[in-house]
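In the two assemblies presented below, chain A is common to both, partnered first by chain B and then by chain C.
Up next, the complex of A and B:
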């Protein structure tokens, strides 16, 4: 029997769909098992199509992106109601994604910057017709509805997606690895004596050695080993885009803690090394951080 | 520890919280006076800052 599958997109770049399509001919192995009942990224489904389905009539629901608008919140709740197994597809869905970094500012500041003050704006106005209202902050989807499976990644690799789907289709459990990116990285690690941090375009990287040992901010030590260390393997420092290692609750706090311990630098010098610490340490998961949640709480209180 | 503290202060500031809200103090078991002074100065500082507004508008 084929399983009914729905793929819904909230605020996101739709890169997770790209990653699924990157399976190319590999898709042919999975597709006969699936009946696609909702996938607006590819076919012209409307929200009323989803609404008209009975509750829990979808076997597998994949939700990509996070909630920046009230329509996103509606679609997320609808997907939860219609799906038996709901998958947080990609890091946006699990932890808020890059758009979670916007939680550093208030909504009116963001709207003002984007629609009124951006350098490319020639006709400054805030759109008000035929657009959904924004929500005050990006909350991780897992704070809004219950998910059955987390599939982090920016995007999850094609392999990650097909493995998760295969597990669901065969009724096997799907667990995320306990490992970090460092555990998957082939580079040689030595004692750390970091006296200066370099931007990734500065200096010359020794391809055989650990990037962090060489003073590049490679976040593999705090990041879940689910991607296969694809970036550090080709000498690009890990940005932490798959979110934290499973046992770590707050990605950036872990990174701050580790950097403070391994950098042989004066505190002020270390501080000046990172002009955008939140962007650097919480690249895709700021919305799930303690700081963002505290700010969210303060915002709700104010109202 | 001082390095961690410096980074944490910066992250707090970026997140919209006053970095003075956190305090780092060394005091051995024999330094009761250092400990109380540290706590007193922190309490005074926090009182002056007032309740945490997350960010002043």
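Up next, the complex of A and C:
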């Protein structure tokens, strides 16, 4: 029996879809098990087709992206109602994604910059016809509806996606790993004596050694080990795009406390090393942070 | 109260991004308005501000998961322009390999998964079969050859960029990782089969073009301006100057990327969150232009590689230059697919491609402004940043391929809608029997 599957995109980059397609010939094994009932990227079904399906008639619903507009919120709720097993597909869906960084600003500042003040704009106006309204901030989808499975990653690798699908198809539980990126990383680690942090373009990197030991801000220690340590393997520091290790609620808070412990630096000096703490410590999950949630609350109160 | 009829198609499928279509018909089915409504945006221009500029090439790919490589590279070029940095030549070759690999997989996926289902099964086939899954079912050989090309491109992107989706290796001053000899040898060995699959794609495309020539030459033939990079007349997706061709085929501008604000206007429509970039001196809507495959092929004097050059010539013999045929975009895509495959071969054969001297170690931020431009598969991709003397971003302007095309898409949809609703033109079109009957 094939399982009915739907893939919906909220505001996103579609990289999670591409990651599924990147199974290449592996697609030929997966697709016969699935009946695609909604996937606008690839198949000509429309929103009204999704609306007309009975509740819980979709076995597997994958939701990519996060809610930036009221249409996104509607589609998210629709996917929840129609799906038995709802999967938060990618870090946008789990924790808000890169666009969560926009939560540092108020909506009117965002809109103003884009439509009124961009260097090239010749006739500024805020679009309002046949377009959905923006929501004031990006929230993790898990704060809006209940999900059955979290599948983090920006994007989750093709292998991650297949593992999750295989578990669902065979009725097995799907558990995220306990490991961190450091646990998967091939670089040689030593006792940490960090006295200065370098920016990622600076200096010459020793490709055999741990990047953090060399003074580069590599976030492997605080990031869930699910990607196979892709970035540090090629000398590019982990930015934490798969979200925090299991059971850590606030990625950045965890990073900051760990840095305080491992860096042999005065607190002031440490602070000066990171002119952009939010971008550095909450690359793709600022929307899920305490800081962003506090701003969110303050916003609601103001109204 | 009017008697206008509104047709809304939502979402527009087989397209990345959030699109809907609103067509308004007046009395006698007169097409009054066609809107391409893009219903979201993420405000990168705002939230890049305050970030160390060397980190932006890690953020920028996330603008588009289908084409992250062009954003990664336009971004790093913008930073290097601002800081006055020149990466080692071998790093540039790796970057070229990265962007050509993306061009290859993107063009293959677009042709086979997004466009071919209409041509192969016929535009009126049931939606449940008019898709790539059905290509897999009814034409497994074709599907496998398609997947092989996409796999080559995506996996080579991965070897160079570490992640095919959201690459991480380009850094101001070069590349963080080089290609090993084993990797190079593995890819060189795979090249002959790639070229074979590309040739089969060309053959299939020619069959389709012949069968649908009536559609290509009659539906959505929409004169516009065209914009794209060209490197001294040669089609080049990594470097060059920005060219603008007018609807008559005259080259009206050729300028350095840093001067783009003089020529590029950004129209904000009331009905879409995707703005329309156009040729500023001509005003809006007269200056609406299109980018993407056909634009580049219209602009280029010639292709960079021999087989692609032969394919371009064949295409021009059929549709002329400039071609305003919206459906010829698919043909131009195939011409560029050939160039991507040939360029990959050439780069892999270059001994420098395994050179390990790919990164400068003395890059220093300085206050300034930089513009970085490359050609993404769907059009010119421009990143423009300003920073302070610590190299922290103070301002960002980003123009993605879609923005060049939406104005033109609306124009060509208007032409198509008139043909369909006003002239009942679909009935008069000669459509071939579907290649595959379902």
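Definition applied: the second predicted complex is superposed on the first by the 302 of 303 C-alpha atoms of A that agree within 3 Å, B and C clash if a C-alpha of one lies under 4 Å from a C-alpha of the other, contacts with A are read in each partner's own complex, and residues count from 1 in each chain.
In the analysis below, contacts are C-beta pairs under 8 Å (C-beta built on N, C-alpha and C of every residue); 3 or more make two chains touch, one makes a residue touch a chain.
The structure displayed is predicted, hence computed values, not measured ones.
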item: Combined model on chain A: chain C and chain B, fit or clash; value: fit
item: First, second, both or neither for A:104, with chain B first and chain C second; value: both
item: First, second, both or neither for A:18, with chain B first and chain C second; value: second
item: Chain A-centred angle between chain C and chain B, computed on Cα centres after superposition, in steps of 10 °; value: 130
item: Touching partner for A:267 - first (chain B), second (chain C), both, neither; value: first
item: A:71 touches, of chain B and chain C: first, second, both or neither?; value: second
item: Touched partner set for A:40, first chain B, second chain C, both or neither; value: second
item: A:294 touches, of chain B and chain C: first, second, both or neither?; value: first
item: Chain B versus chain C as contact partner of A:230, first or second or both or neither; value: second
item: Chain B versus chain C, judged by how many residues of chain A each one touches; value: C
item: Shortest CA-CA distance in Å separating chain B from chain C in the superposed model; value: 10
item: Doubly contacted residues of chain A, that is, touched by chain B and again by chain C; value: 104, 276
item: Of all residues in chain B, those that touch chain A in their complex; value: 1-12, 14-17, 52-55, 57
item: Chain B-touching residues of chain A, taken from the complex the two chains share; value: 104, 106, 252, 256-257, 259-261, 263, 265-268, 270-271, 274, 276-278, 281, 291-292, 294-295, 297-299, 302
item: Chain C to chain A touching residues, read off their complex; value: 9-18, 20, 22, 35, 37-43, 45-47, 50-52, 54-55, 58-59, 62-66, 68, 109, 113-114, 127-128, 130-133, 136, 143-144, 147-148, 150-151, 154-155, 162-166, 168-169, 171-173, 176-177, 260-261, 264-273, 275, 277, 280, 284, 359, 361, 363, 384, 390-392, 397, 399
item: Of all residues in chain A, those that touch chain C in their complex; value: 9, 11-19, 21-22, 24-25, 27-28, 31, 36, 40-47, 68-69, 71-72, 97-99, 101-102, 104-105, 109-111, 113-115, 118-132, 154-155, 199-205, 230-231, 233-236, 239, 241, 275-276, 279-280, 283
